[in-house]
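What follows is a set of structures to go through.
Across the two complexes that follow, chain A remains constant while its partner is chain B and subsequently chain C.
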Partner chain A sequence: MTGFTLQPRAGVAGPVELLALAPGRLRGLGADAVRRIVVTVGGLPVPLGDAFDVAEGGDEDTLVLRTEGFRADGIGQGMAEGRIVVQGDAGDRLGARLRGGQVTVEGRAGSHAGAAMAGGIVEILGDAGDFLGAAMPAEPRGMTGGLISVRGSAGARAGERMRRGTIIVDGAAGEFCGAFMVAGTVAAGGACGAHAGYGMRRGTLLLGRAPAAAPEGFVDAGSHDWVFLSLLQRHVGEPSGWLGSRPLARARRLIGDMAEGGRGEILIPE
Partner chain B sequence: MRIRFRNGRVYDPANGREDATADIHVLDGRVVEAPGPGERIDEEHDLGGRIVMPGAIDIHSHIAGGKMNLARMLMSEEHHATIVPAEGACLCGSGIVTPSTHVTGCRYAEMGYTAAFEPAMLGSNARHAHLEMADIPIIDTGGYLVLGSDDLLLDLLARGERPETIRDYVGWMLTATQSMAIKTVNPGGINAFKYNARRLDLDEAGPRYGLTPRAILTALARAVHDLGLPHPLHVHGCNLGVPGNVATTLDTIGAAAGLPLHLTHVQFHSYDTEGDRRFSSGAARIAEAVNRTPTLSVDVGQIVFGQTVTASADTMTQRGTAPLAHPRKWAAMDIECDAGCGVVPFRYRDKSFVNALQWAIGLELFLLIEDPWRVFLTTDHPNGGPFTSYPELIRLLMDRDYRLARLAEIHPEASAHTTLGSIAREYTLAEIAIMTRAAPARSLGLRDRGHLGPGAAADVVVYDDLPDRRAMFERPRMVFKDGVLVARDGRTVTVTKGSTHVVRPGFDDAIGRVVARHFEERIGIKAKHFAISDDEIRGGDGPVRHGARGQG
Partner chain C sequence: MEINGVTIVDTFAEAFPMKFTRLVVTADTPEWVAAATTSMTGFATSVIACGCEAAVDEILPPERTPDGRPGASVLIFAVSRDELAKQVQRRVGQCVMTSPGSACYAGHQEGKRIPLGDGLRYFGDGWQIAKRLGGRRYWRVPVMDGEFVCEGSVAVGEGIGGGNFILLGRSRPECLRAAAAAAAAIRDEPGAILPFPGGVVRSGSKVGSKYKGLIASTNTRFCPTLRAVEPETRVPDGVEAVLELVIDGIDEEAVRRATRAGIAAAAALGPAGGVIAVDAGNYGGKLGKYHFRLHEVMA
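Our next item is the complex of A and B:
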């Protein structure tokens, strides 16, 4: 039993939709059977083998995908187990609705990475687009479990409508970070954009760099020592990013959004 | 191009044919008499005793317009989950309960439907609705204009204008919006909602104009009658979904005072208040009223268990049901101060007492209304369920054993509260052919549709006579639209363009000045820009015009 490596053929045009390629589904299949799996290229159904060279090899239950020169959407979407490594950039919905396993992208990820995921790990070594760990379009609920770890920065609305789980962004998070959060933790090491925690009901926003002023709807609740922070560091484990880079204990706490009851918090370690 | 269908068992109720073994001849998209000997036949289909019917016509299905687009956006997760890739002839799209235009046309054609009518076109959205209908492939369409909460009408009525003025206004609006019929939705209620009324009974004066829904309904029914529109006033009455609304519905029938009326999705208007839960079936009383009122027709608006979305111009009712939304999201909006719109996703569950009883009430109505010429097969797509559930519905009507088996699965108290189990009636194929073909065509004044006599459009559907009626109606062997084979074995094979049907009654166009002044003062665009010209219909093809009654 081995894993698979997918190398795009020259001339793959249009976005490729890779919903069907979860390692769990590939288990026990030979390379020929994998080549017959139907994926969508430029909106049309195409056997995988027509668009990619499929090679066996590498670790069991691991799919290595090279994405240079084209956009691949839906990588690992809905996956329950196994491991996908993307060598290059990923398109939209990387690891969206993930239930287990790990998706790692060595480059950047598009919008809705880890959106509505319920478990597992999404690791992005470059930047992430908008709606990181947020809700899928038209859905009421963002991520409900698992870990998203981004070495670069994140676009707007990271963790929007999030319900449980952890998002770590080493760089900056865009505007409306943690908007309408119900629970869970978003930890942004760099700055965050305007309207952080807008409409937040519960949950924690951990900001490595203090905002110029408390976001609208938030009030200062003073500096305190938080056992929670060291527990969080221990709980997250790897890949912990900036969260694991220094000991955290004391932090300033802003509570809000007061319009939603003020049970959410922004913690700014000191 | 001459086509012959040989050895078919023809169900053509408009021409008095039931299970008649006959040949059907088609020349260039029209049904013709048998040609003389020696005439060349280009294409021949030996049907070997298969069943032949005209193309089916859906008299009430929300397929286009502002609220459907809103529903598509609100239900966008459905579109992500149900992408239908382009395949062969089909360009397709996505969606089940809010299908995209191409999916709408293909799914209808694949079920043997060759026409479907959008029953709630708002004046200010009519242009959009027509553009969208033009994008629906294969099937014919048309729209019913919603009136009854529009300020100019209410203003004219409140000022006591003469019935002729009302008639001319209705005629002007119908013509300007390229409509096929007039519909009224909770007459006066949508307007009253804007003045904070959350309920308006048939004889309750509205807060702004002091008009009762009864007065508005009667005035519109009379205007429609005086204009000679083939289809009577299409009524979505007051108090939709409210237990006890059976009394309102019976009063509404009385309000017509002998004028023809079509009550739509009457299932939602047939609720009584008996029993511990204060919710029971009023189907028997409604059916009895329909049976003794020959000027009345209804469509049922049957509910189907499962996820759907309700979309209606009835802001008042939709705001009321918004807390029941599943998934929990909804949208309601005013439309240009002249109408309303509410979209509420909903899941009908067979284990819910209320939903199960709604299901039974719909079937009771189908089975207790005796005249299939006056009851039409609808789910009020998508409000009761998607139109793709019609084959299942036909099986429920035609197969009592199947019906009883389904009845045994629903909420036990609901099955105890319905007489459905004791109704022995099973619809015949001839009755299905009437209610889905001949009767809608007659009611809408479509003279060359819904039948297979000489001169009719060659909308021909060939079915295998399967004992499982659902399977039979789900996948017709062949479907021809205007003489072109569009679907085979439930798959689209050719994508053709349909037509849009409109009615052009005569009226005194002096009313145009009144309308123009109203547009100038209140609406902010010119009336001549509001009016839709023929060359805007179907990408320049123009509409298929029908005359008023007696105009030929």
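Our next item is the complex of A and C:
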């Protein structure tokens, strides 16, 4: 199939819920069939063609979505394959429950980007909101696989309750980053807010900037060489952001949260 | 057939299907890579009594290893997947994990998998950490110089064991020089290893023995000292020493390539260098699935 480009029609009042739009689902459909797919605009079901101009073309299995002037939630939510490129900002739940494929946002993303995702790549070139890669509301489990790369900063509770996968934030991360983590890796290049790793059971927080003091519940295990950091850098590859910008062989290790058994770690590269 | 005046006997090497895997071992320096791999591939000359056959396949520069450090890839062959799994656990656990600064990764990804770090992780006594990166799982096991990083599992492939050729030399030093030249040439061929000491076998064997319980005994047909009493001797006049190169490979092409490179290197020395003929070991073609005819290999 060829790809599709969606351009919002004038006067579309958001928010628009785009759960139904995954490149895999569009495969084999013509532009007319795509226009008949029902999305939610302002809480009401509407054929896609009423809200967007749909144009065929572009890269195979790729959906280009222009979002200037309105809020689009659920972009790529539950997607298993293909690629979505958002030209503009994304609303909430960008790439949430993602299982495969790649979602790229050229602007900012709202809350719960990559929440509960199990595979694939979420790439945010601007800032991300709260609950990046965390659990969906009222659910117990954060992301279980895949990669989230944020070129800007992330809000509060990035990686909360995650149990596998990798989150890379080039900028700062908000408070409670990696709280209640069960496993996985969160790498924040900038400053990290208060209570990093709070309630963390296992997993790795990699902080490009050392906190003023070890977070409560963490003990200092000294500086060491870490072969696995080189592995991490090489596997993450191109979207590595700050991780790929310098050698990361040596880091200070804080172990915690001791209240949860002390199997988690905060690594601060030197 | 003659190459550079050296007779290539019209015969074939008989080889067998074997299970193999490839491991990549890294360390801080090439010397510590060698320390780990030398230990790991020790006592791994023949499945007859060692459980597996193993050797370094390639020395890897940092840009070709998963963690960007110096490394080497090791090929290990065994008669079954279960035996291979046992040997991998023992050898990586006792020889690689124990070696300072080492890490161990899967170098083969296609096929059913056997445990690597998935078994060794228990050494971490609960402090081990799993990391899944790019669909592959790695274990970080705390050890006294930091962490032993080890991939969770490695795939098993269908390989070939027992490829061979036999050098017939005018004198023992000349035969050994030719064998060493052949071994050096084969080491440059990826996908094939020479599991014996220095890549050379001086005690080639035949199946069975006059003694009960021995499954192999000296290959009397190639023993120069028995030439006068062995009715089926393959040692012509003027040959004082015979040495064999046994080749295990990941596929037929790898064995063929290695055989060709080795014979070519030995034959390049010519009769002036004491190389009289090149023969090969077989069992009449009844035991092994793979036959490497020397004339076809060298054509």
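The criterion applied here is as follows: the second predicted complex is superposed on the first by the 270 of 270 C-alpha atoms of A that agree within 3 Å, B and C clash if a C-alpha of one lies under 4 Å from a C-alpha of the other, contacts with A are read in each partner's own complex, and residues count from 1 in each chain.
Here, a residue touches a chain if its C-beta (ideal position, glycine included) is under 8 Å from a C-beta of that chain, and two chains touch if they have at least 3 such contacts.
Predicted model only: the values in this text are computed from it and were never measured.
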(request) Report the partner of chain A that touches more of its residues: chain B or chain C. (result) C
(request) With the two complexes superposed on chain A, say which partner A:G43 touches: chain B (first), chain C (second), both, or neither. (result) first
(message) After the superposition on A, what does A:A212 contact: first (chain B), second (chain C), both or neither?
(response) neither
(message) I'd like to know which partner A:P137 touches here: chain B for first, chain C for second, both or neither.
(response) first
(message) Going by the contact rule set out at the top, does A:A10 touch chain B (first), chain C (second), both, or neither?
(response) neither
(request) For A:W226, decide between first (touching chain B), second (touching chain C), both and neither. (result) second
(message) Taking the touch rule as given, give the residues of chain C at its contact with chain A in the complex, in rising order.
(response) 26, 66-69, 103, 127, 129-134, 136, 138, 140, 146-147, 149
(request) Would you pull the chain B residues touching chain A in the complex into a rising list? (result) 73-77, 80, 85-87, 327-329
(request) Name, in rising order, each residue of chain A that touches chain B in their complex. (result) 40, 43-45, 136-140
(message) So in the complex, the part of chain A that touches chain C is made up of which residues?
(response) 145, 164-166, 183, 185, 202, 204, 224-228, 230-232, 234-236, 263, 265
